[in-house]
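Next, two complexes with chain A in common: one pairs it with chain B, the other with chain C.
Right, the complex of A and B next:
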C-alpha cells in the first residue's frame, strides 16, 4: 500500500528520479504562474509603482554620499532598484506560502504529500520552484528598469543570479515557515501586516542605513538585524559584480534556519499532524 | 564557428576593459591650497602638491612639461614641474588671477585678473608680463580662437564676451550675454563660440564671424528650481558633435547635441560641479565637484558617470595630459 510510505523518508531513489520530481514541481509552479497573467502583471506593477511614482518624489533624497558598491553618485531610482528586486522575491515568497495554505485548504497538498520522496525534498523542491518563479519576475522587472535608465554593468545581470537564488530561497523558506502556522486563507492579511510591511520598510531597501541611523539609532539596529536588509544588500552588491560577505553569511544562515524550521514545522509527527487532519496523512 | 566568435568577443571585451593610455590629471583645490594629481589608469590620487593661496585656473603648458596654476590670493601664476611634481617657478600676473589661456605655440599666456578688470599678457619664454588689456568688470572666462587671431574674455559683472584682436591687443567687439558669464569655449572648427552664464542659467551660442548670438541653450531638470541650475564649465568634443556643460549647484552635467543645441541627457555628479576636461583621447571627461570635494569621471561614449574620486577641498579647475 502506497499510503504507508507517506512521510517516511525513503532511500534508494536515483539522482534522475530526484530530478524528475524537482522538474515536476518546478514546472507545475511555473505553469501555474504563467497561466495566471494577472499575477504576473501584479507582481511587476507593484515594484514599478514604487519605481515610477515613489522614487520620482524622492529623487533628491540621495546624491550626497557615495556608498559601496556604487562608485559615484546615483539617482534614487538606481538606489531602490535592488530593494524592489528583493521586494518582488519577498512577495513571491509570501505568495508561495499563501498557495501552500490554499493547497492545504483545497486538499491539493495531499497529491504532493503522497509522493514517496522524502518530505524535506518535496519542500525543498517547492522552494526551488518558488524561487524560479521569482527569478522570472525579477528579470522582467530588470528589463523594464533598463528602459528607465537603471542599467547596471552588463555582467551584473549574470553575477546577481546566485544572489537572487539565495535570497529567493531565504524568503521562500520564510514564507513556508509562516505558512505552517496559518490555518486559514483569511489569516493571510496578518502576514501582510506583520511580516511583509515591517520587513520591507525596516530595511535598506528604501533608504541607506546611514540615513536611517541619522534619523533613529534604534531603527538602524532593527534594520541591521533584519534579514531582508541583507538580502537587499547581497543583491545590490552582486548586481555590481561584488560580494557583500556579511550579507552572504546572514542570508545563507537564515536560509538554512528557515528551511530547517519549515521542514520541522511540516513534519507530520510534530507540525501539521498536531493541528488536525487537513494536509496531513491520509 | 561560434567558439571562434566567442573567443574573439572575449578578447575584444578584455581589450575594451584594459586602459588604453595612461594620462595624468591635475586638479586645483581652491580651499586646501593644493593640486591633486590623478592617475587615470587606476583613478586614484597619486600625489597632492602644495601650491599658493586659492588655486583656481589650471592648464598644462603646450609642451606638457609644466602645469600652470593661477593662485588668486598670491596674485601670480605658479609653475609645477610635471617630472618632479613640485612648484618650480612663478609668473607675474595682475591681482587675483582666475582663468587663463595660451596661444597655440604656447608662447603667450593671457590671464584674466578678477579684481583688476584687466587681462594680463605674459611672455612664457621670457617669463615677463608684456602688457595689459582693459576689459569689463570681473573678468573670468578666457578662450582663444583656433586660428589664434581672436581672444575671448568674459566679464562676470559687465555680462559681456569681449572679442580681443591678439595682434593689436584691443577689443574689437562685445557681445552682451546673460548674467554672470563664466566660461567660453570655441568649437574646434571655429564655427561657434559657447559662453555660459551662471546666473542667467543659459549658454549663449555665438557666431564668431558675425559676433552675434545665434542660439541660446537653457536647461530644465525636473524637481530642481531654475535658480539652482547654473551653467559654468563647457567641453565640446573634437568632432563638434557633443558638448558637456557643468550646471553648478544642480549637481548635473548636461549632455548637449552640439549640432542642434538640444539637451539630450543630464548626468548626476557631485555637488556644485564646476569645470571639466577631456582625457586627450576624449574617452573620459573629468569634472570637479566643489562642495563634495571630488572629481567625477564620465565615460564619454556611454554618457555615463562611472566613478567619483575624492580630492582636496573645493576642487575648481582641472587639466589632463599624457603621462611624461
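Right, the complex of A and C next:
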C-alpha cells in the first residue's frame, strides 16, 4: 500500500527569494519596454518637442529671474528641463497604470496577483520596475539636452538620481492607484484630461510659482498643493546638488499615501473584489 | 470545527485501491457564497478535492466556476465561508496556500511579446525561483508538454493548443500539489483537447497532483472522476460520477446533468 503524504511548505520566503521576485518583475518590465520601441521614442519626443519648440518660442516672452537653486540668470530651456524630466516620469507612471489596466483586461495581471509573495510586495516591485524604466528615459533626455547646452554641474547627474527615484515612485504609485479604479481601457482617456494635463500645467514645471501668483493667487495655491510641483522642485534642486526639504517631505508623504492607497485598492477583499469576473467568464 | 467544515473535510472520496491518503484534502471549499452587488454568483458551495485525484467541476456558462476560481486564487476576497489548500486557510496563510497551487485561467494570461522561456522565467521569479533553476525546470516542463523546441519562440507565434500547453507547463513550474484548470480546452481542436486532458490525467497518476478541472463538456469527464455539478451558483451534486448518475436516476452523465439542472430550474434554485 502506498501512502501519499503532503509536506507543508516552508513558511515565508528568504531575502534572496524576495530579490529574485523583484529582479524578475523589473526584468519583465524592461523587456516589455525594449519590445515597445515606439514607447521609448514617444517618451523622448514629447519633452524634446517642449524643449526645442515651446521653450525657444517662449524664452523671449517669459523671463526667469534669479531664484533658488539658480545663482544667475538662466535660459528658459534650463528652467523647464527639470519640469520636463518630471513630465517623463508622470507620463511613464500613467503608462504603467495603463499597462496594468491592459494586463488586467488581458488576464496577465492574474499571473502577478496569484504569486505567493505578499500582495504589497508585488505591487511595490511593479512600482520599482516602472521607476527603473522612467530613469532610463530621463537620462536619455538629459543626454540629448546636454547637446542643447542644458548642462547641470557634472555631479548633478548623480545627485538627481535619488530625487528621480522618489518622484518616479510617487508618480508610479499615483498611476497604480488610478488604475485600480479604472474598469476598462477605454476609460483611460479621461486620465489624460483629468490627471496628466492639470497636474502638469498647474505646477512649477513651465513657470516659476511667483509668476503664477502674480497672475492668479488661486492658481498659485493650486500649484502649491500639487504634488507634481514638489516633484519638479525636488528634481530641480537635486540637479544642482541641493535638497529642497519641503518638496522632499511632500513627495515622500505623497509616495507613501499613494502606495498605501494602491495596496488597499488591490487588496482582494476590497478593490478587485467589488468587480465581477472578466468578460466571458462565469 | 463548524458543521460545514466538518462536512467539507469528509468530502474527499475514499482513497483509490492500494493507496491510503494522509493529511488534509488538496482543496477544501467550505460554505462559500459570493455576490456581485445584488447578484448571487455562488450560494453556499462546499466540496473537497482529494490529493492525487481528478475532480471535474461541471457547469454551464454562468454557473459560477470562474468566480470560484477567483476566490481560490485570492483574486477576489472571500465574503463568506472558507477555502483551504492542503489545510492552509487562504485568508490566514495565503503565501503557503498559493505556493502549493498551480492555475490555468480561462482567458490566456501569457505575455505575448516575450518568448516561451522568458514567460517561464518570469513566472518562476514570482515564486522566488532563481533564473538558473528556472531554466532547468523550464526545460523539464517544456519537454513534458512537448514544447521543448519552442523554448525560444515568441508566444505570439504559438498555436492555441501550444499556448494552453505552455500555460500548463508554467503552472507546473513551481511544482504545485494542486492544479486548477478553468475551461482549459475551450477553443481548441479535438486533438489538442485530447492531448491536454490526457496530460493532466497523467499528472494525477504519475505525480500525485490533485486536479480541479472546470468544464462544460461532458466528454471530458470519466467514470472514475469525482464530480461537482454547479448550476447558477448552487452546487447540485457532488461525489463519484457513477454515484451522481445513479442518484439522479439517469443513464449517463449528460442525462444526469440535464435532470439535475432541469430540476433545479423547476424548483426555483436559479436566482
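In this section, the second predicted complex is superposed on the first by the 262 of 282 C-alpha atoms of A that agree within 3 Å, B and C clash if a C-alpha of one lies under 4 Å from a C-alpha of the other, contacts with A are read in each partner's own complex, and residues count from 1 in each chain.
Heads up, the rule we're going with is that a residue touches a chain if its C-beta (ideal position, glycine included) is under 8 Å from a C-beta of that chain, and two chains touch if they have at least 3 such contacts.
Keep in mind it's a predicted model, so treat the numbers as computed, not measured.
Within the superposed three-chain model, A:218 lies out of touch with both chain B and chain C [touch as defined at top]. Of the two partner chains, chain C is the only one touched by A:32; chain B is not. In the superposition on chain A, A:49 makes contact with neither chain B nor chain C. Taking chain A as the reference chain, the count of touched residues is higher for C when chain B and chain C are set side by side. In the superposed model, A:21 makes contact with chain C only, not with chain B.
Looking at the shared chain after the overlay, A:245 reaches neither chain B nor chain C. Judged by the touch definition given at the top, the superposed model places A:75 against chain B, while chain C stays out of reach. In the superposition on chain A, contact is made by A:111 with chain C only, not with chain B.
Once both structures are placed on chain A, no chain A residue is touched by chain B and, in the other complex, by chain C.
Contact residues on chain A toward chain B in their complex (touch as defined above): 56, 59-60, 63-64, 66, 71-75, 151. By the touch rule above, chain B contacts chain A in their complex via residues 222-224, 251, 268-271, 292, 296-297, 304-308.
For chain C in complex with chain A, the touching residues are 15, 18-24, 26, 36, 39, 41, 51-52, 59, 61-67, 70, 73-79, 86-88, 93-101, 103, 105-111, 113-114, 118, 121-131, 177, 182, 208. Those residues of chain A that touch chain C in the complex are listed here as 1-6, 8-9, 11-14, 16-18, 20-21, 23-25, 27-28, 31-32, 35-36, 106-108, 110-118, 122, 267-270, 272-273, 275-278, 280-282.
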